[in-house]
Amino acid sequence: MKRILRMAMVGGGQESFMAQFHRQAAQLTGRIQLASGAFGSTRHRSFEGGEALELPRDRVYGAYRDLLRKEATLADDQKPDFVVVSAPNNLHYPVAMAAFDAGFHVFCEKPLTTTLDEVLNLERKLNDKQLLLGLALPYTGYPMVRQARALIQEGRLGNIRRVAVEDPQGWLATRLETAGNRQAGWRADPRRVGPSGCMADVGSHGAYLAELLTGLSITEVSADVRACVAGRQVDDDGAVLFRLANGALGVLWASQISIGETGNLKIRVYGDKGGLQWELDRPDLLTLYGASGNAETLRTSMPPTPQQAMPPAGNCTGLCESLAYVYNQFADGVLAFDGKRELAPAYPSLAEGIRGVAFVDAVLRNTHPESTEKWTKLAV
Amino acid sequence: MKRILRMAMVGGGQESFMAQFHRQAAQLTGRIQLASGAFGSTRHRSFEGGEALELPRDRVYGAYRDLLRKEATLADDQKPDFVVVSAPNNLHYPVAMAAFDAGFHVFCEKPLTTTLDEVLNLERKLNDKQLLLGLALPYTGYPMVRQARALIQEGRLGNIRRVAVEDPQGWLATRLETAGNRQAGWRADPRRVGPSGCMADVGSHGAYLAELLTGLSITEVSADVRACVAGRQVDDDGAVLFRLANGALGVLWASQISIGETGNLKIRVYGDKGGLQWELDRPDLLTLYGASGNAETLRTSMPPTPQQAMPPAGNCTGLCESLAYVYNQFADGVLAFDGKRELAPAYPSLAEGIRGVAFVDAVLRNTHPESTEKWTKLAV
Amino acid sequence: MKRILRMAMVGGGQESFMAQFHRQAAQLTGRIQLASGAFGSTRHRSFEGGEALELPRDRVYGAYRDLLRKEATLADDQKPDFVVVSAPNNLHYPVAMAAFDAGFHVFCEKPLTTTLDEVLNLERKLNDKQLLLGLALPYTGYPMVRQARALIQEGRLGNIRRVAVEDPQGWLATRLETAGNRQAGWRADPRRVGPSGCMADVGSHGAYLAELLTGLSITEVSADVRACVAGRQVDDDGAVLFRLANGALGVLWASQISIGETGNLKIRVYGDKGGLQWELDRPDLLTLYGASGNAETLRTSMPPTPQQAMPPAGNCTGLCESLAYVYNQFADGVLAFDGKRELAPAYPSLAEGIRGVAFVDAVLRNTHPESTEKWTKLAV
Amino acid sequence: MKRILRMAMVGGGQESFMAQFHRQAAQLTGRIQLASGAFGSTRHRSFEGGEALELPRDRVYGAYRDLLRKEATLADDQKPDFVVVSAPNNLHYPVAMAAFDAGFHVFCEKPLTTTLDEVLNLERKLNDKQLLLGLALPYTGYPMVRQARALIQEGRLGNIRRVAVEDPQGWLATRLETAGNRQAGWRADPRRVGPSGCMADVGSHGAYLAELLTGLSITEVSADVRACVAGRQVDDDGAVLFRLANGALGVLWASQISIGETGNLKIRVYGDKGGLQWELDRPDLLTLYGASGNAETLRTSMPPTPQQAMPPAGNCTGLCESLAYVYNQFADGVLAFDGKRELAPAYPSLAEGIRGVAFVDAVLRNTHPESTEKWTKLAV
């Protein structure tokens, strides 16, 4: 009979936004079951969340440390196979550290941590514990993102010269965080979101996509980021000039105050032989440019894995499908676990987490009021 | 603890295309579990399918009649709550009839049957047995389709004058059915697909959407349908002029031979006060037209139901989400079942099934070689 | 020194809409000068129009018959080289006939005439007089329309199976003709516009494009056209099923009451080897489909003729440029005139005029209240 | 009778690209005639050019100084009303200076000069001579650009926070300048194009549009520009972070090496009340965003001036129409000239010319190899 993996969830109570997509993506795999959880920021909220999710009361905990301690002692046929961290950013690090200490594999929302020190500590811990870490970067789950990466790796674009990435969103164009909006509340609170708002939440996706597609690291940045909404304490919009390892030029623009925009992550990459464009608005298309000036549009038509069918062409791939793809990859990893952490897993993991934190760290150093340097190198 | 519904599946072996979306959509609801099945057209294929799905061998059957007979006798905590029919068209009717006779609710792929006589028999059976019938018409699961319907009902467009629907697909542009393609095999075989190919498979979605949005019935049709590919025995392309109950004009074009097209169901409705457009390529947008010549584009931003979160704007709603919406509605119906069939259920059901069959029936009568009439009325 | 052609204009006073584009297109060629005119429907309006255009008063006439009589007697260095007819539809025929009788070449707005009898008379006249006739069908002036035609002629699409054309407009969604709108006034008045409104004005462009691209004649039609606005006396919306000479299927939808639509002529053609799409919204793109499901988008990049530069890619080709292309072709014809009418001129001419009138004639016969026939053949 | 303005042209021989659009735009106004010219870079090429344009031989000159000297002495009914400068960038300054000295008004291609010193000299000359200067910035000729500006001035977007402009082109992705392409030849030659390639040619349009729409000056820049093609001596791609006078953030990306891109100038502006987007690919649309997340698309429907009709909606405005709009404005200025230069003319003029040169100057200073400053202020 089918091996169903059990997951424990930290965070993701009723006020949570992303957690519901984690649960749906897990459901969609057909082989992951929510077994237990510490939901929400208070004991009360956690039990409320567990009840709404119809979990048995003895598998719901008021605090994540209780969950980790107790669940680690369960019998093999009850014990969670991994812990999902879908709590505000400041909790990613302590929960992941504690979960590793308790012997659990971890699947974590991004950003992996809010500071460079934390992410390097986490690296040491992971090397020590030899467990698995998955990171919820869903874009690799879109077939056309993978195809774009493959085409670039094959040399279809030649030597990469220019990358342009953008993701304008507008939901924080007003000061929602003081108007009772919980999502905005923690995302604009430096104690919970960390030192960066928009760059960590939105811009890091773009930076990840630029590195994923080109296979090149971002080496240095020159940025202009700001809190545009009066009184806000973290950046809500910014643009970054960047350079890739081969010297190629990059520009990235991310925003939470582009009023009326609902988010359309878009990336364009140009080499000396060709160019390409992918955007979230039409995730199943990939446009290729060649020297002729004509464009070729590839359209998704094949299922990507044995575990998961992609919808027939004409029906677009949604976030659930793309996140489920990453969950499926992670589930494969958990089932194949042989006591050692994977150094180059198929799913986004530690390396991608470090890159994301280092990118935001460099942007913040570059735009620090006391900084005068034009270009700031990424620390790792 | 959460009430998990069990479903038995008829059809949907490894060669099946739509069945995998049924299973994914059911998984995505988080409250429906595949419990048993008779998969595929032979005993061997059925067991192969069951094995791939990791079902216990005693819940897999070589024939649907065995499944219905045996599973009807199971204990309450094992017995399926409903039967999903995801087999070639010719089996929808006999399987649904037998499942009702065995006392099961039925969730059926469309078209409900292949002939008008069958669908009217099914109506009598359903009235007799007082069970539930759901029909897999997923478009109602798109938030913007529901919003379009609501806006028209509120009178935003005024009196409807003109509807235009299209769905060009191209996958049957060559004679795949004789090249070993199983999907094409049954879809081009009149014994399995029924008397119509493209109109029943593709066109009926457009007709459903026209009636769903306007709230008006199609009363008569004048059509031109044809097998464009030499040697094919059922229609693979066609256009239909139609009239709605209020006298409004309609035109529908559906195709399986529009080479290179991957399917983009698109509907435009115009009244005397305004117009609107929705298309599957951008399912989360709804464009409204007014007398000014300016257009307003609405974008999905709210979750549609307590059970199911829609993805954040910018991430498009996929087929899984939309079909899961219908499964959720049906699951609600099953849980609330009081011994009587619902006359106006939230989910597509008997009425929609009859309309679809009657539409195709009228198109076929109108285009029969011996027919000379310009307009043909729908029989029901 | 450059040979500047002189044109006399009939119609096109200040209330006229299309005439201004005729004048701009002629100006854009850089070799056609407006020399004289009989503008507007009254003597007063004509002189008002001439004054606004800063023409010398002795080259402005109160009636077109005066213009033709008087200007025919002018010295060779004053006499118009051709007459442009840009008056309401009912005048196309009498003005063109009279202009031929007076010895002038004619460049006429479409439709060439309002009835089949008239257009056949005009054919006889032209054969008798051996002069030149140009027809203002601007679409051939778009580089990508010509490229589409060339690709189909080369066999890139294989044998044509299906054509779909549409042009939804909305400006007549209310009864403007009784609200003082002059444009609507004559376009909704059967005495001036002829027996058809929308089909003659809008639908005939689509039919022309279908024949132009495929190189196939429309042989028969089955239609549903109607005046949707209460009280209107000519059709303002309609859809037509049609068949091409090789048996291919066609569907055409044209509308003046699709409220909010500003007009987007769009054509799709599918053969057994490939398909293509062109639309007026993006006139410089041509999309090609192949069996792979991928699409190729061609983009205009070359100037089409020695006389006329097309804008750099990225700047779209406008109506002025496309109409100027036809004017340039006609001017070439006038300069090369050797006393015999051209039987297959580069510009749209008699043959295209006859096809357009025959198409509308067949649609009107098919939808006549007393007609019961499903399919009506085009008379010529 | 109509007053036809005579123009003399400097540059714009047969190898020229933009000059043909100048001539077409002038023709399209219907009131500007090419009277004389010094075309091309050699005596031979100039006479070749004049012959191709069918000008009388005595109005063609081998060098621009001959033209200015001789044509200044012509009788009033022969003398040019203004001089158009459509030669490589390095000639804009000397030709304009000499033309002012000869007493002519000037209509000049952009950039106005290649250095800041030159443009300030030109300002002094213009103040001294009190003549008219028009600059060929065509974007103000698009109705929707003017509407965008008007809406922002009315406060529809509130306080501006963020601007993003881009214009990816790809025609210089290979080293065309050494492959015999004349256009590329001078555009990649620092002696003729000036110190900047892409920023002066492409980026300056975006900077102009940002200032035109917002009504705010760009105050400082931080840039990354480069020659991506090996061996090229001027920049062919670059991105610029900029700040507007009110502190708003801006990002601009311009490229000539985005292989396969054919140019789509696109601008997005966001304030605290709303946002908007305009792009050259669909110049007749203007999209407005509000806090609701819904978008409103305005569509051109009205002619913008008495002199010039815009095409009916559905036909896009081309470069000829937009440039003709500026020519018409300039012609109005010439006709109304009262001996004093206009300080705030309707058409782009000295002020816009200075801004463009100052923007490029600041970008070059910021990215100079010896510069370490992050932000560089515009000099004027």
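First chain written, first letter: the chains are A, B, C and D, and each begins at residue 1.
Rule of thumb we're sticking to: a contact is a pair of C-beta atoms (placed from the backbone, for glycine too) under 8 Å apart; a residue touches a chain by one contact, two chains touch by 3 or more.
This is a predicted model, so every value here is computed, not measured.
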| item | value |
| --- | --- |
| Farthest chain (mean CA position) relative to chain B | D |
| Contact-richer chain pair [A-D vs A-B] | A-D |
| Inter-chain centre distance, chain A versus chain D - centres from mean C-alpha coordinates, in Å | 43 |
| Geometric centre distance via CA averages, chain D-chain B, whole Å | 56 |
| Gap in Å, rounded to a whole number, between the CA centres of chain B and chain A | 35 |
| Interface hub residues of chain C, defined as touching at least two other chains | 262, 293-295, 299, 301, 313 |
| Contact footprint of chain A on chain B as seen in their complex | 1-2, 17, 20-21, 23-24, 27-30, 53-56, 169, 262-265, 280-283, 299, 301, 308-309, 311-321 |
| Of all residues in chain A, those that touch chain D in their complex | 161-162, 164, 166, 168, 170, 173-174, 222-224, 226, 228-229, 237-239, 241, 243, 249, 251, 253, 255, 257-262, 268, 270-275, 288-295, 372-374 |
| Residues on chain B engaged by chain D in the complex (per definition of touch) | 293-299, 301, 313 |
